[in-house]
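Quick heads-up: structures coming right below.
Across the two complexes that follow, chain A remains constant while its partner is chain B and subsequently chain C.
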Partner chain A sequence: MKNATRYLSASLLVLALFAASAFAAYDATAIMKKSHLSYYYAGNDGITEVNMTLTNKRGKERKREFTMLRLDLKEGGKQDYYTYFRKPSDVARLTFMVHKIPDGNDLRWIYIPSIDLVKPISADDKNSSFVGSDFTYEDVSGRHWTEDNHTFKGVSQLNGKPVFVIESVPKKPYKGFAKKISYIDTTNYLPLKEEYFNKRGKMIRLFTANKIETIDGIPTVMVRTMENLKKGSKTTVAFSKISYNVGLNKGIFTERYLKNPPRKYIK
Partner chain B sequence: MIVLVLLLLAVTPTFAQSDLNISGFLQSLYGGRIDKNNPTNTEQTASETRLQLRLEHFGDRGEFFGRLDFYYDGADSSQYDWELREGYMKFRMGNNFDFKVGRQILTWGTGDLIFINDVFAKDYYSLFIGRDDQYLKAPQNALRMEYYNPLGAFSLVWTPRFEPNRLPRGERLSYFNPMADSGRGAIVGTAISPSYYFDPPVPEPKFKNSEIATRYQRRVGNFNTALYFYHGFYKNPFGFDPVKMTAVYPKLNLYGASLRGAVFSGVLWLEGGYYDSRQDTNGDNPFMPNSSVSGLIGFERQVASDLTVNAQWQLSYMLDYDTYKAQQQQTNPQGYIRDEVYHLLTSRITQKLNSETIILSGFVFYSPSDADVYALVSAEYKYTDEISLKVGSNIFDGKHQSTDFGQFAKNDNVYLKMTYGFQ
Partner chain C sequence: MKTTLTNFSIKHPWIIIIVSVLITVFFAFQFPKIKIDTDPENMLNKNEPDRIFDHQTKRTFNLYDFIAVGVVANDNVFTPDILDRVYRITEEIENIDGVIADDILAPSVVDDIKQGPGGSIIIETLMGNEISTQQEAQYIFKRIKENPILRGKLASDDGKAIAIFIPIESKNMSYKIAQQIRKIINKYKGKEKYYIAGLPVAEDSFGTMMFAQMAYAAPATFVIIFLLLLMFFRKIKIIIAPLVVALMSVIWAMGLLILTGNTVHIMASMIPIFLIPIAVVNSIYIISEFHSHYTKHQHKDAAIRHSINELFTPMLFVSSVAAVGFFALAITPIPPVRVFGIFIGFGTMVAWLLSLSLNPAFGVLLSAKTLHSFTKIDESKTILSRLLHHFRRFSTAHSKGIIAWTLVVMVISAVGLSMIVVNDNPVKWFKKSHPIRQADEAMNAHLAGTYMNYLVFEGQKKDDIKNPKVEKYIERVQKELSKESNVGATTGLPDIIKKIRYELYGEDSTKMFIPSNQNEIAQLLFLFEMSGGNPDDLFKFVTSDYKEANLWVQMKNGDNQAVSKVVDKANKYIADNPPPLGIQVRWAGLPYINVVWQKMMVGGMRDALILAYFIVFFMMVFLFRSLRWGLISMLPLTITVMAIYGFIGFIGKPYDMPISVLSTLTLGLSVDFAIQFIQRLRTAYKRTNDFQQSLHDNFEGVGRAIMRNVLVISIGFVPMLFSSLVPYITVGAFFLAIELVSGLVTMLLLPAIANIFHKSLFPEVAPATHQGKSKGHK
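Presenting the complex of A and B:
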């Protein structure tokens, strides 16, 4: 009898350990961190051509074309972004730079070549639209995973792919969303779908990763869409000519290059 | 000079891998004044069709950019004209030197439509009739050299031939002439007399009359700090030549500093400058402006997702004020005598709507000391990526007819502008 009890408690302990490790694998915060890093911090740096199509609720389309350079200064931490606009014509040659500071206010600068004007822009509102699209500044450079509380909701299937379903709620009240449900690919940790809800529980925005390719060994979302369900508009972003780990230098993300685009990377 | 040319030849970039881009726009601008009894030749403040062509070419070590405007202007008499707005080459020498040589638009300093250390040519005439922002600056033929090292960035702009600000000339926009009305001063235009066509002589084309503008810039924490020095002339013809009976550009040295950075969830800027009027060092020359010290503070913040607001306060302190006041009382007792300290308050509000396809904008200058005001309002609709439509208005008012904005009180106008951009 004593032995039996001992065996039972031992096997319970083993079971508990298993359960714990299984639970650890499904730690929602760890998944969101990994997802954030694979989506926003791929490689040490990256260059891509971006084609944006903005469609309003009446189906009218507008295009934006730009080249984007990114440099990670710290994995999961500070990043620098550089954007060179090509289209439409009224913003052609304009450059835009962001020093992303995850635990503070980002620093943003714009350079308007037609009047040779360098101007810092107040960057208080990360939830404001990026170039009039349905993506916000935060969608472009990422909302840090530590700003939300994450709950693991289960493993599911999305278009035949197994996904983690994670619910995220901002730690501090945030006007961008009250709740977000993310569907994260269980193999490459890329977000395949994100549903944003307001505080009344109504879905306000919907993100979809439409096409994924492996570039330089790094799984990359090549086409993505953000739908604004409130406005009935959507924005599709297609990446092309992506290269990772090209050896971008911190010096590029300065006023000198804001005024003189690095033609080695931007033709 | 020869050394410089050789230097340029030595680094002439080879366009091995190259790209050529052509783009531009076609634009129509129509404006009419809403004041009666303006002594100008026309009621139309603008009636122009403009074709701008932009051409750019990149090589491995350098690049070329050209911007050429062709326009038809029918506000007064019909005329065709063209202007090379920009035409420069850019190249790098070593790792630390950047050069930009040719006809170019230049800007520095921190103010929003207030310029203390930015002594590059402005085109106020274009601003007043509703042309695009890019026309606020007039091009200069200049050589810009920038030297970068870990201690900061040093810029030097040499403009061999003085380039003045572009101001209303009396044909379409009237202005204040202190000699008119038997020396009492009046708002004049060419409708009163063709002699009121305002075109003061610029300093002679001598090397000693060239302009040198320098800046040393450095980041300190969150702030971009800068020191400035300029040797040249006032960009507005503030002086008077009693022999030739004409306005002139007085000699100027300018020493200044600025600071700008992100604080309090917005952007804050501070700038100051000492204007050394070299032809009136003691303030006793009644025909030349007194030296002055000017300061500016400004703050901008995004108050809602698509709403940005800023405010600025500029102070300008005239040196040797008592001498100025005594002279004014003696020569023109009825005329306006400005205060020792000039104040200017401004505010800009920009609201973007409908996914940034509608842009509403308002900018107001108000001087409590000069009691005058200038307001610019506009609404722009981007109908497609190519076509945009803009309507706007420029309103001036003032208690006195000789002040900066008060003199333009009869030039209030509304305008309509359509642009087709292509590339």
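Presenting the complex of A and C:
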């Protein structure tokens, strides 16, 4: 009996090692691509209400509420984002638009209602904070999987779910991180956890997917948290009223609609 | 009591010595537990409202004390070479332990708000890329000049200086961190000069150097006093007792201080230096008295008994008076001063007790041979003796003149006293030639200032600060502050709002104002956060709920007087122009805290001095059983205090922390001679019933002892004059002045007064009566 157990575990280990090496050899980049697509390119388009809570190291909170519209122009390629701010109330009606260009510089515009002015926003630094939160612009619209080298580290368990563990290192030196470890759900390919490290090997940021629901058949991260370990701050983002494949029109993502939000989608 | 202790000491000298040594060993064993505290902020009680508010402000706005590094070139610091070095130095400083790397202000890390491509605005690092051409270097300079948030702070308007501000976790680390910064600078430096400044460095370096200098000054003083004693008394065996008494008093006082869990602060570190003279003085009287008695009667035990008998009362009073002066410090609101006062007071009483017991004990153990050669010194023919009788003859011959001159001196001193300026600045505790002083001068000549204060605007509710009325009010306060020559720069939320607006409208300076619409202010700040601006930068000027704002007020001169002037001006403006929405305005910051404790210190010291003065006066009246003698005995100390502080007023030396502490010491030391002189003169008169004879004897006896004390203490502290720390020089100079002035007054004025009024002061009494009376005295 004892021998049988030992035999079984040994063979399982061999099998696991074999499987791991197989993944490492063939699948790290593919997993990251699949993960990227299921996380950032769910459906052809989508609308969601976003509740953002920014908590500083002393526990003081700031809130942001906005509606976000997304249209995929090409799967894994160009995307358009449109954001309509509701809260804080003194920035209500402020809108923000991004034309995401994965192999170039994104284009960003902001509309400031109090002075009725549309202004481009420079997109040089993708690592800068999104509306003062712990999420960067890149966290919101996605860092393209081709920008990093990925290594498969194995299969592990995270809160009872099997996950792929993948290490990503930027191909070109990058201010945002020197190394990232992602824990990707083996069934729906959503990132459940991401650990960002600086060049000294210290973890600086931690992403957690707190709640996942299936909406219109699409597994979606409904609540996510980004912690800035250096600053001791964290930002929680909760999605609600999600709808996918509503048939958004490319025409909405233009300067004209910045000033006059599309009332069909934004009430 | 006096005979009991003396008899016991004579009978069982070894028991006295062994017990003293054991107690000393016990206290010496406390020394390893020493807790050193060099932070002047601890002059304030932990729950002092201003101090609490300062800490709260730093927490609320995530601010830290900082070290300022200055880079100064003769013509232009904005060259690719120098900027490259500044870049590398900054990069290495970021890695020092205790440095808040994220909050460093330096060209290579600080953000600039500027025009991005396509008319966008962008907030990004001022010097994000390597600078390779002179043109690029000049561009950086131009950007700093055009940014009201950076201008004057990061670089001087003449382009000759750059500053790097390095926030640190705790200001107690600043000396260590400053040393590491110096190492990094030495690795890279070129022709340009580098300076390290800031109050934390000054304060922490002072603390470190102070203990180092104490380790040299106390032994040096000890050695000099040893040599002087040796010169007077020739025999090492004779002078061992006073030295042992001094050493033991210091160990007992410091040991008890440490044992009771108190920290050794800047003040307490001076206890040894203050206690040594106090401890030695008593023994000199005893040995002098012993010497003259033994020379005459050649009987050791009798000479010892006689000396103690003669000296017990004056010594008790001298020591009690000195101790009262110190204990009076316990009423000051400054904790380290209280600790200092209580333990040096304790040390003074220990010195008294040990003088009375150890001197006889050591005396008994002296061999006849030692004593024989000791008495061979003929004191009546020494220069000291001749000088003494010059004093005596002069004071009796020119009694009225002396009194007249004394009055003149007092009037002049009073004028000087009225000119006293209360001022302090920890940076100026260093000599002018010290690198910290030079850094302070160089950086404040070029830049907006190394002294950072904060003016906090507390709103009633969330978002009050976004209100245009509030922003405009802060802006007006800024304008008002900038009228002060000491204010190098003020930085606040209005500057950021205006700068965003200026850049948003394509560098249009007509748009550089605070808008009247609250939503616009909110949206401009939102734009800042969306354009790459770090919200943490914003929250150094405003809380995230926009309930409180913080205005940085940078000053070039950290003298308390100069800081107070700005604070008072601003407070007056705010009182005359009350802020909108019920906003409360309060000051914080290290220089401001220094002003607060100085005010409390000066007031506290004044109260302590007045209290001590009156207690001493009552003690004198009690001691001499005479109001008139009480008044006369107060003269040397009154004149000494007036003359010294009047002189300080005349030369314009600011009345600072060390000088205020010395006032109570002056009291204790300068009353000493008067007590000895008067008490002994009266005793002599009771014996002889002849005034001139008594005066003559008094100069021979106690006069010589006083003269020895003057010399021992004034010369003993000469090493301190060579210190690089100004407070130590001050202490040395003070001892010299106290001894000389109170010695002179005692030797000239007291005999002069006694001479003029001797008929009423020394009534002729029948010998039998005064014998009985004198017993009652003791």
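Miscellaneous remarks
As a working rule, the second predicted complex is superposed on the first by the 241 of 267 C-alpha atoms of A that agree within 3 Å, B and C clash if a C-alpha of one lies under 4 Å from a C-alpha of the other, contacts with A are read in each partner's own complex, and residues count from 1 in each chain.
The rule we apply is simple: a residue touches a chain if its C-beta (ideal position, glycine included) is under 8 Å from a C-beta of that chain, and two chains touch if they have at least 3 such contacts.
Bear in mind that the values here come from a model prediction, so they are computed numbers and not experimental data.
Under the clash rule set out above, the superposition-derived model of chain A with chain B and chain C contains a clash between the two partners. By the touch criterion defined above, A:K267 reaches chain B but does not reach chain C.
Of the two partners chain B and chain C, more residues of chain A are touched by B.
When the two complexes are overlaid on their common chain A, residue A:P88 makes contact with chain B and with chain C alike. By the touch criterion stated above, A:E255 is placed in contact with chain B alone, chain C being left untouched. Of the two partner chains placed by superposition, only chain C is touched by A:I110; chain B is not.
When the two structures are aligned on the shared chain, A:N56 is found in touch with chain B and with chain C. When the two structures are aligned on the shared chain, A:G132 is found in touch with chain B and with chain C. By the touch criterion stated above, A:K34 is placed in contact with neither chain B nor chain C. In the superposed pair of complexes, A:P120 makes contact with chain B and with chain C alike.
The single stretch of chain B with clashing C-alpha atoms against chain C, selected from 148-156, 328-336, 382-390 or 400-408, is 382-390. On chain A, the surface patch touched by chain B in one complex and by chain C in the other comprises residues 54, 56, 60, 62, 88, 90, 112, 114-115, 117, 120-122, 124-125, 128-129, 131-132, 231.
Here chain C touches chain A in the complex through residues 59, 102, 116-124, 463, 466, 504, 515, 517-520, 522-524, 526-527, 529-532, 534-536, 539, 543-545, going by the rule given at the top. Those residues of chain A whose C-beta lies close enough to touch chain B in the complex are 54, 56, 60, 62-63, 87-90, 92-93, 105, 107, 112, 114-118, 120-125, 127-129, 131-133, 231, 233, 255-256, 260, 263, 267. Of all residues in chain A, those touching chain C in their complex are 54, 56, 58, 60, 62, 88, 90-91, 94, 96, 108, 110, 112-115, 117, 119-122, 124-125, 128-132, 230-231. Those residues of chain B lying in contact with chain A across their complex are 19, 23-25, 56, 58, 60, 63, 67, 90, 92, 98, 104-107, 133-134, 136-137, 146, 148, 153, 217, 222, 224, 260-262, 265-267, 300-302, 304-306, 308, 352, 355-357, 382, 384-386, 388, 419, 421-423.
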